[in-house]
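Below are two complexes that have chain A in common, paired first with chain B and then with chain C.
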Partner chain A sequence: MDNAAAVAKKKEPLVRITRRESMKTYKSVGIRLIAVLLSLIVSAFLIYSITKVNPLKVYVSMWNGAFGTARRSWVTIRDVMMLLCIAVGLAPAFKMKFWNIGAEGQILVGGIATAACMIYLKSLPPWLLFICMLASSLLAGAIWGLLPAVFKAKWNTNETLFTLMMNYVAIQLTSFFVAKWENPYGSNTVGVINQTGREGWFPSIFGQEYMLNVILVMVLTVGMFVYLKYSKQGYEIAVIGDSQNTARYAGISVRKVVIRTMLISGAICGLSGFLAVSGASHTISTSTAGGKGFTAIIVAWLAKFNTFTMIAISLLIVFLEKGAIEIASQYNLNDYVSSMITGIILFFILGSEFFINYKLIFRSREGGAR
Partner chain B sequence: MEKKTAAVSLRHITKAFGTKVVANKDVTMDIESGEILALLGENGSGKTTLMNMLSGIYHPDSGQIYVRGEEVHISSPKDAYDLGIGMIHQHFKLVDVFTATENIALGMDKQKAKSNRAIAAAIREICDRYGFDVDPDQKVYNMSVSQKQTLEIVKTLYRGASILILDEPTAVLTPQETDKLFAVLRNMKADGKSIIIITHKLNEVLAISDRVSILRKGEYIDTVLTKDATVQSLTDAMVGGKVSLDIDRPEVKDKQLRLSVNHLTCLNKYGVKALDDVSFDAYGGEILGVAGISGSGQNFLLESIAGLQDTEKGSSIIYYDSETNKPEELVGLGVPEIKEKGIALSFVPEDRLGMGLVGTMGMTDNMMLKSYENGFIFADRKSPRELAYRVKDELEVVTPGISTPVRRLSGGNVQKVLVGREIASDPTVLMAAYAVRGLDINTSYTIYRLLNEQKAKGVAVIYVGEDLDVLLELCDRIAVLCAGRLNGIVDARTATKEEVGVLMTHLREEGNSDG
Partner chain C sequence: MTGFVSLFQAAVVFGTVIMFGSVGETITERSGNLNLGVPGIMYLGAIASLAGSFFYENSVENPSPILCVLIALVAAFLASALGGLIFSFLTITLRANQNVTGLTLTIFGSGVANFFGGSLNTLAGGVGQISVASTSAAFRAGLPLISGGSGVFSQLFLNYGWMTYVAILIAILSQWFLSHTRTGLNLRAVGENPATADAAGANVTAYRYLATCIGAGISGMGGLFYVMDYTKGTWANDGTIENLGWLAVALVIFTTWRPKNAIWGAYLFGILYWAYFYIMGLTRASQEIFKMLPYVVTIIVLIMISLRKKRENQPPEGLGLAYFREDR
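Here is the complex of A and B:
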């Protein structure tokens, strides 16, 4: 056999991949930090090769972009809270292995509901208006989450496609309301709602414009952590996420839990639409969600559904975005350069997971003979 | 050369997974041409890992493999095929919608590709030579398990294998099919092929092999000539100490009717009857065995009783409470209702991690599966934690801690967690499906002991098993399922293996199914 001879001549493969048992926490955190560091070095080469600017200066301006002034810091915090809120909303769905990629749509309908309250109910007392906005945004998001869940539970439709398509429905719906609420006429935008009376805007707390955002999201973050970890319903979610058969065996109604969990997930995503409209931009457009519903999926997964870890990951991602925008404007770089840097950093962080779960074994010098 | 070169020689093979698990440690052994070598060892002793290194799935960390005297590095299954090494895995790798011929043509080299007719002719030639029975044009989904296995072997031979590795080939076969397989293996041996058979059924080792190599905890222990070995000597070598091989069968006097199944009929997802008019009674203080070829309706039977399966009209399952003797109809009740009514039913399902337990959770959270509804909003974790410690101590579960995910435990320990939890709820009826599948001898005997303890307490135990020797030794009566029908109930004290084997494969004529 010729082939047999060929195999006989073959050497031991150069690299083999094997699974790791488990890793100490400090080690895995260390690997992730190294990944970030490496990504910064690679980005530095990229920056230098394109712009001939000192990369260190670029990094300093990235920092300034995110935390350079008190105002900038607060905007960064506001955006972190928004992203965190969505990720917290996605956590129960993904923990149940229900692929809710419809956060974009859920945010938008929550935003529409909020904007509608601001426009039509602005004569209400502020506290009542606030409650109306909160309730309607929760409800709108919940409905957007409920639809795919009901179809999944009753007819076993594919929730990935369903939630994705619901996003496009929500975008069209937003376009419709933008046209309806257009202000000033012909601008094709809604403009800032209630600019003079500030009805339905988040009030300042302790003199900070975005303090309410922080409070709301922190309450949700802690609440969701406790819900998933200690409540009966959280237990049911975890069982279904691991094995639907085991859930049936234990007498858990999979349908009921899927619907209930998606109501919660959709509602929290809807609430982040409330944050975006009432607590940040005070307007609504098709870009109100702006891809955050997808970015939040990365946040939720990287944090392995631990809502406290999500804080750190949201912060990192928002910091990168802010910094990238800053260097783009300061060094006259194209927006794409900043996307490249963000991409490189995320690539390294995701890639580091491989080294945490697996290890490589190289062929020893003597040719494998111990 | 005066000394015969071995077909395969393994020298100092070591393979570790991670830092803790050493699957094989310095294993050195030979396989000659024209012999059947049984590779014997308990679960986790590294049999399959060792063979996977021969068939190119894993690569050894250190050590050398020689095939026909030449050192080789097998880094893919294709390399193994080129060397004439073929492995028949426990789970068949066949395409259901293809015919036998198409399955064999699949994955062949372009240069070697032949017309289907030429392949079919070659298949017939191989079948005639060794006594196989394969129809080249039959679709795989129409084949029985034993036919699929035969096809896997033919496929391997067609690709020119002269060294065949069979991983637990008899696990899925009836006694009659096993005999047929062994006849074929003997023909292949006579033709000069080397055959390695991985198994832990000792009587089969004695029946078929020439030599037996024993592994224990990843280490090579010894190779003995089969003619010098006995069941007891092999067991002792395998376990590393004296083991008693008798299964207890205590006699319980006061037998109370606990479960009465009448005209139970279920459909599978294609609308075909998976269970057809099954009727029997189960009594407290006895172990009722359920035998049958896998897929004869065993799972449907247990799931119907457990409230996990819809049943057809006319079905009835009556449960009699152990204290009040109050009858309760189970048909139409789901799991939540069964729990609510306080029906003391325990179920150890076949799929331990996919149905009985949550693999990613620790022991405490798995104990909670039965009791998590207790408590308001927040689940009660205190009593499950106590139960977890109790199960861990009483059944000697080996785990780093009660919060270690159970899927990281070995198969035997996983089963102890599951059985421990089910017994802890003081059942009136205890159902166990394939409770010792894949477990080592010591753990299997622990499980038998636990079942006997329950029986002695007056529990009605229903035990679905596949090893007829065990069923005949452990059970009081055996109900035999065949193609969804109850084909007879025999007294396990007097029945023979052959009797049960016939009932498993040949549906009796209409009428008398309530033996």
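Here is the complex of A and C:
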């Protein structure tokens, strides 16, 4: 080895990072599984240090919390569908690199619209009421998504911050309607709407209360997959997401696509407000969205906008939530433990993406880069 | 007049929480990191200060006020800087997406804080809710010599806990740092155009790590102020800190990324937030509409700065974008 090479070797960093071209599916799935496993181990240590209970037992009781009985399984499925629906709504916006952080608000306005129909239009025939709720929730969500999109398209207003602020406008709007519709007077909650006549509640299908949620969301999931992958509009979204300049060069009207995509995105998020109010809680409050709009962002991002992958991730997150609530009640803790564990697991999954997208090259002993 | 005085006082206490939050976040954002974990970081700061002083107060007979304050400050700063470190490691070293990482940090922070806030006392074998009276009293002490007057001027400006003035001082220092020191100018260059700053010899990674961790530490002081001054050393799982954290993010926009504007901006947000309380004849429902004001004002400011396109008011050019030297 001559002198120059020795100097070069000394200057070469220990680790270099390069982008991977591609990775075999089983490998990338493997890396993610390892990440989830690691995070579960870390969480187990955490749980053990707080409760002094065997972590394995804790995970068994988590399983019981989520799938212990048929009733619990259905509630878990219902919540998975809700989260999935929001993530499916966010997918087109994110694929376009439009940071729609405002799902929380879009869900709430969709929920308000649904609740308003249930309260004021309950004398309509059930099928017409259903259509009214569906249409108004879609419309409300679309309007909430449209506002930031128009300003983004015309004046390049920062959409991350705009949609974020719209969440809080929606939350205050919800508080306004809760105070307006409160029942009984002075309780500051709306209570269960139409408890006696069940007007506007989702009907049971095949004897299952939440079957309609599943059907609606599954249709959306498949539809969105096809829309993004095989339609011309989906292709336009992908091009804009990769490079706006390329899109302009190819003659795509970026403004038009941004506005159109956000209408769709907002509308689907509004629809999940319909699911939450009409198909699940039958009431409206500021916690109707309950942070799911934010969690769904992470779901959509981790799934790389593939709506089928979103099913698995939503299932994982909802399972953890249900499980943690079960632990909390068994060991007298409060259920915020679920946010803590969810946070840890998401940190690990986010970190693991690095090992899928990049390759570490260590300095070789023989000198010179490989 | 008394109505205005009490509105102003409420606004100042409220504003101080978000002033800390937003000044810290401004420093972070000036480096190009859009950390949406501010609410989580404020949560971490809040719970760490509460836990630190809780264990100290429980372990000695007569807690010394100075130690109380020191322990709470150090615990809050370390915990929130740790939050910033998690964010930096994931986004800078592991190149994860900033928005997603920030939101995860918010989920994590609120989980940790509400979990321990709600059950710390039970875990330690006590009964009921956590309370740290001595530390809170030490934090709510006014400035020596000047505070305690009863005139209108004293009531308006002088009679707050000393952290209120620390917040103003930090805002002024941050502004001076960002616009008058070489390091501060380098930091802004990193946030505007990391590739150019890199070529000019600034260590982009180091700047971003430090700005994010120190910024998070300052934001965490907002959480500390909230539990020690605003709620007088107690804890409630009501999600207020999260709302305040998002308001702090809003305030960063409102100030057009200048800490000096946070001084009046924070109090203005406080006045807007509490205005409903002092306007006669509002129903409970219409009060809620009034509480929208800070957010609506922020949206208007956001639209205005994008309409007017004044270059010095724009967000940092590289905000939210990761920088990898290898990517061209």
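Here, the second predicted complex is superposed on the first by the 332 of 370 C-alpha atoms of A that agree within 3 Å, B and C clash if a C-alpha of one lies under 4 Å from a C-alpha of the other, contacts with A are read in each partner's own complex, and residues count from 1 in each chain.
Assume a contact is a pair of C-beta atoms (placed from the backbone, for glycine too) under 8 Å apart; a residue touches a chain by one contact, two chains touch by 3 or more.
Keep in mind that what you see is a predicted model, and the values were worked out from it rather than measured.
By the touch criterion defined above, A:Lys97 reaches neither chain B nor chain C. Once the two complexes are laid over each other on the shared chain, residue contacts for A:Ser338 go to chain C alone; chain B is not touched. Look at A:Ile361: by the touch rule set out above, it reaches chain B but stays clear of chain C. Contacts of A:Lys57 after superposition: neither chain B nor chain C is touched. When the two complexes are overlaid on their common chain A, residue A:Ala238 makes contact with chain B while staying clear of chain C. Look at A:Tyr230: by the touch rule set out above, it reaches chain B but stays clear of chain C.
One of chain B and chain C touches more residues of chain A, and that partner is C. By the touch criterion defined above, A:Lys304 lies against neither chain B nor chain C after alignment on the C-alpha atoms of chain A.
Legend: residue contacts after superposition of the two complexes on their common chain; A:Thr18 is shown touching both chain B and chain C. Of the two partner chains placed by the overlay, neither chain B nor chain C lies in contact with A:Lys256. For the contact definition in use here, the residues of chain A common to its chain B contact set and its chain C contact set are 18-19. Note for the complex: chain B touches chain A at residues 12, 17-21, 59, 61-64, 67, 70-75, 79, 82-84, 160, 306, 308, 334-336, 338-339, 347, 349, 351, 353-361, 365, 368-370, 372-373, 375, 377-379.
Within the complex formed with chain B, the chain A residues making contact are 1, 3-4, 6-8, 10-13, 16, 18-21, 230-232, 234-236, 238-239, 242-243, 245-246, 248-251, 253, 361, 368-370. Contact residues on chain A toward chain C in their complex (touch as defined above): 17-19, 50, 99, 101, 151, 155-158, 160-162, 164-169, 172-173, 175-177, 179-180, 188, 291, 294-295, 297-298, 301-302, 332-334, 336-344, 346-347, 350-351, 353-354, 357-358.
Within the complex formed with chain A, the chain C residues making contact are 34, 36, 86, 90, 94-97, 99-101, 103-115, 118-119, 122-123, 237, 243, 246, 249-250, 253, 283-289, 291-292, 295-296, 298-299, 302-303, 306-307, 315, 320, 326-327.
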